[in-house]
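Some structures to go through are shown next.
Paired with chain B in one complex and with chain C in the other, chain A is shared by the two complexes that follow.
For the complex of A and B:
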């Protein structure tokens, strides 16, 4: 829910629309809430009611004017999530032929105040499309991601701008910076995948480079779900699979031998065993027995909260080995 | 390097039992306080707000405490005669989110005849784009949330054939990530709320075959933190609404039993407000109808006897889904 009520108390110079001489010709129009329905009954604040009563009146007359534009500004400041106001505002911008770069500044301001609001981001997107210019979008989203590095709206907007206007060039560097700041930023890991998937694709060289990169990050934070997930994502493109990629398997073994019991590490070794058993590679390092022991360790020591999952997985492995289920 | 995971601590003093009577009072009284500024600003989500409150009350068998005819009359006035869509409030623009909420309410009341059904169908169909995706309104953006809203609405009206289902499935499939999860658009980050939308979509359309069942279920199980609560993405704080989105997703793909239900129950109960009633996102925060519905619905999935059985696909009482003879797909 958007929260714009903070302005309420600060704004001491506010003049109600009903007290403004330039609005004397307009008869305000109250919200029709139907009859008394307890679930929907509302207690409007006075300022809110004033602005929206005038907004409804203006809409009813379809007034497209400077003062109506100003009114929509007040209305979205009070409630940025009101999609009807935004749409009406866009109609006015168009009919008055307003400078959309000015509106871009307003959109930026509103995004800053309501970073998790769908409508403000959508407004921005419409303006970018209208101007056919996304040159300010990377900057804008960087500012917003500096405040909240996982803001889904900001990422969605950024991905849209990058993909639509082909702005991939520096994106991996940006992702890298974000991961240096917070190695566990799942959104940044996802962005890494997004960029590669849309540019080079996962060629043999890219897989090698990305594997190196990710293993180094895992060394820093061994319980980082995001990095382990990303590693799995890359390895899905590796024809050798999990256990035959010696760089990864050696890395995992060394980590395990060093005493690391990260559930993600052990889960990876279990999957290597699973692959080995399913494909009948008969590699003694990745035997069914080892997998079952590791599942038991996870269920009873290292990942107790997901006990039922590990018990289930152990059963699936047993059944696979007995040939009951196809791999 | 021992970096603590983002989580909360469940303190001893947090509530441990279900405060049913308080929740009923909370929902019934919500928005009736003169000082309730937040609620005054919420006309833009009124119909969905009604669905949250009303479904919550029905799950605890107290729906008759609301004036049924007035609710139905209000919804009728929110239908736009031109497009057929339903808006959040009278004279607002129609939107798919509220169209679904309105249809859900009317199905619960068994009064779908109260609106122009053909109009709704025409409206939903008009929002499908050539790539199979849906926009939320005639100006809006594409998002997998709207794919779910579209098929949920149409299936409740028994008119799924009004859209190109194969194309719609194709789009949702294109939003599936390597971790088995789904995002809002192709290659957007996996997010538990959007996973629920996509699984709900696939459940309604009977296409759960495209899901990587165990890969996704594992990702969903990883959402459970030591506190018992569930988050929506890695490294985020737990939140009651994700109790619903993760649990309903796990139910749809037949893996509800993989998480630790006792610790999750403890987390959800801890998010109740002992004074005002209602559930908040986390213990100690301000409660609202949205989290109250999802808290109750999650407890229903966990088998709480005092709460009616909820359907994981539609987030509506199971008996309503049975009455409509709908059988949304679930995996074994």
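For the complex of A and C:
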């Protein structure tokens, strides 16, 4: 609320650049499309036109000044997606040797107002690089993720800061918190993988610990694709593969016998069968026949929207078993 | 399928034509990407078989305006097309001036628009563009969008691949490095993220797969990776498509995810009825256009991608021109491009 009222104040006290005495020496330059028929023309507001007419004028003479810096602020507030304005602003910040911590505050404000805008996040990244200090980035992204826990921009920025400045220490705790708030937050699951992959790696112990953790989460929400995918992610690093990790295979069998028909569970058992057949383990519990039956169940009962996919996949399995396609 | 929920073809036609003229000031946030909007409208009309509704004078104006956005600057190595006329004034007309730089997605959409409108690309300085592309590739294999001042991710990898394909010159891209970047961006869940470590996403998965197709390097994917990607893609269907697991369905993913499946030759595995209904419910029957979600206002991006996604399903009642998924232009436009390429190659 306070934000919008201050914006309103700003608008009622707004003075056009053309009416500002300190800009008298500049001749504003109109945009020239160069054609006499409108092509995706924008009916600019008077304010927008005024600001950008002066923007064109200062860029043309490459003016590096305080007033030009102020002008870029007005220009990005009108259109935060204009990457040229941002680049020009950075040039000025550099040549005037401005205090970049002040600019960090501006970037934060702009991110708050445009959380899904690429340019504002990029601006922030450049500032952090220039300052060589990422001590405020975890906090900033946490604020933004509190508003939208799946904001892709915030996650990319956070991953970049963590990886570049080695800020892994508390990250798994943060991920835990997010998964307690929303067990289906796929971004958080992805972050969990990112942290482990870049720190301890998936050693035997880590695989065990992570498997326990994930199976507990699956018990809470059995139709949660994110957790099932993460489980598969862990098992990519288990040399035993999908079906020979008895903790996982037992868990799946128990779940199945208890009457759970989550497509993700059944798909997992199908893939266990697939692996068993491909590797010629000849485990009768994970046979081709069982896989084909389960594909049929998925297609006709438990995952009908993917009917054609499961029919196709059953065929792939058959062809693999007959040696027609390489596994 | 189309019985109860028909596609309002004429409304969409008028929607695109309206945007080709003038946008309200509420859309000032698109000011830096007017070329992209032009592409959505022109390609949208092409899908609707309505290019003839753009009269000759207008057609010429669009083509000339786009060419005016071309930058040929071999000294600064910033050749390509700008996203809009923000920096164009009467004074610097067709002259290089500070920060007049090409942007790779603008270059991609500018070239597509020219091809769709029947231009022969003879005024495109292909050599200069290919040369400037080299400046955009990072050691990781990823690309930025302009020489300085933009982020880098899979969107720009795709944009560069498309531009290389369109100008029929791959000298600006180190293809092996690009493929390496793509393979490293495959996530543990088999989808593909914007960069290594990032969450798999329908948009970046499309960009990656389309790039592989344009480079003719789909065979870089192992059988296991391919099976995994297909599984990840088909699992995005809820009714329409979502962009990531546990996210809501959104019109544009019927194109991004559908397009990736189409490129991989397995589009038929999806549920057409569910997808059709989901997309069609986001169309505005009054204003035309499509929205991200039911109940929201339409916008040019979702309007175009909604429609482009529908072309993958051969509809019975209305004739939509098919879209070539990896380049995102219609089959007709693609054939025109092939004629241009043949001419270049024989000269």
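Everything that follows uses one rule, which is that the second predicted complex is superposed on the first by the 313 of 327 C-alpha atoms of A that agree within 3 Å, B and C clash if a C-alpha of one lies under 4 Å from a C-alpha of the other, contacts with A are read in each partner's own complex, and residues count from 1 in each chain.
What we mean here is this: contacts are C-beta pairs under 8 Å (C-beta built on N, C-alpha and C of every residue); 3 or more make two chains touch, one makes a residue touch a chain.
Because the structure is predicted, anything quoted here is derived from the model rather than measured.
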item: Partners on chain A (chain B, chain C) - clash or fit; value: clash
item: Touched partner set for A:116, first chain B, second chain C, both or neither; value: neither
item: Which superposed partner A:155 touches (first chain B, second chain C, both, neither); value: both
item: A:197 touches, of chain B and chain C: first, second, both or neither?; value: both
item: Partner chain in contact with A:30 - chain B first, chain C second, else both or neither; value: second
item: Touched partner set for A:220, first chain B, second chain C, both or neither; value: first
item: Partner chain(s) touched by A:98 [first = chain B, second = chain C, both, neither]; value: neither
item: Which superposed partner A:77 touches (first chain B, second chain C, both, neither); value: neither
item: First (chain B), second (chain C), both or neither touched by A:45; value: both
item: Contact residues of chain A, present in both the chain B and the chain C interface; value: 31-45, 48, 56, 59, 78-79, 81-84, 87, 90, 118, 122, 125, 150, 152, 155-156, 159, 184-187, 190, 193-194, 197-198, 225-226, 229, 232-233, 236, 305-309, 312, 316
item: Of all residues in chain C, those that touch chain A in their complex; value: 19-25, 27-34, 37-38, 41, 57-58, 61-62, 64-65, 68, 85-93, 97-99, 101, 103, 145-146, 148-151, 153, 187-189, 193-195, 197-201, 223, 227, 231, 234-235, 237-239, 244-247, 266, 268-271, 274
item: Chain B residues touching chain A - in the complex, by the definition given at the top; value: 1, 3, 5, 27-46, 49-50, 53-54, 66-67, 70-71, 73-74, 77, 87, 89-93, 95, 137, 139-141, 177-179, 183-185, 187-191, 214, 217-219, 221-222, 224, 226, 228, 233-236, 257-260, 263, 288
item: Residues on chain A engaged by chain B in the complex (per definition of touch); value: 1-5, 8, 31-45, 48-49, 56, 59, 78-79, 81-84, 87, 90, 118, 122, 125-126, 150, 152, 155-156, 159-160, 184-187, 190, 193-194, 197-198, 220-223, 225-226, 229, 232-233, 236, 305-309, 312, 316
item: Chain C-touching residues of chain A, taken from the complex the two chains share; value: 29-45, 48, 52, 55-56, 59-60, 62, 78-84, 86-88, 90, 118-119, 121-122, 125, 150, 152, 155-156, 159, 163, 184-187, 190, 193-194, 197-198, 224-226, 229-230, 232-233, 236, 267, 305-309, 312, 316, 325-327
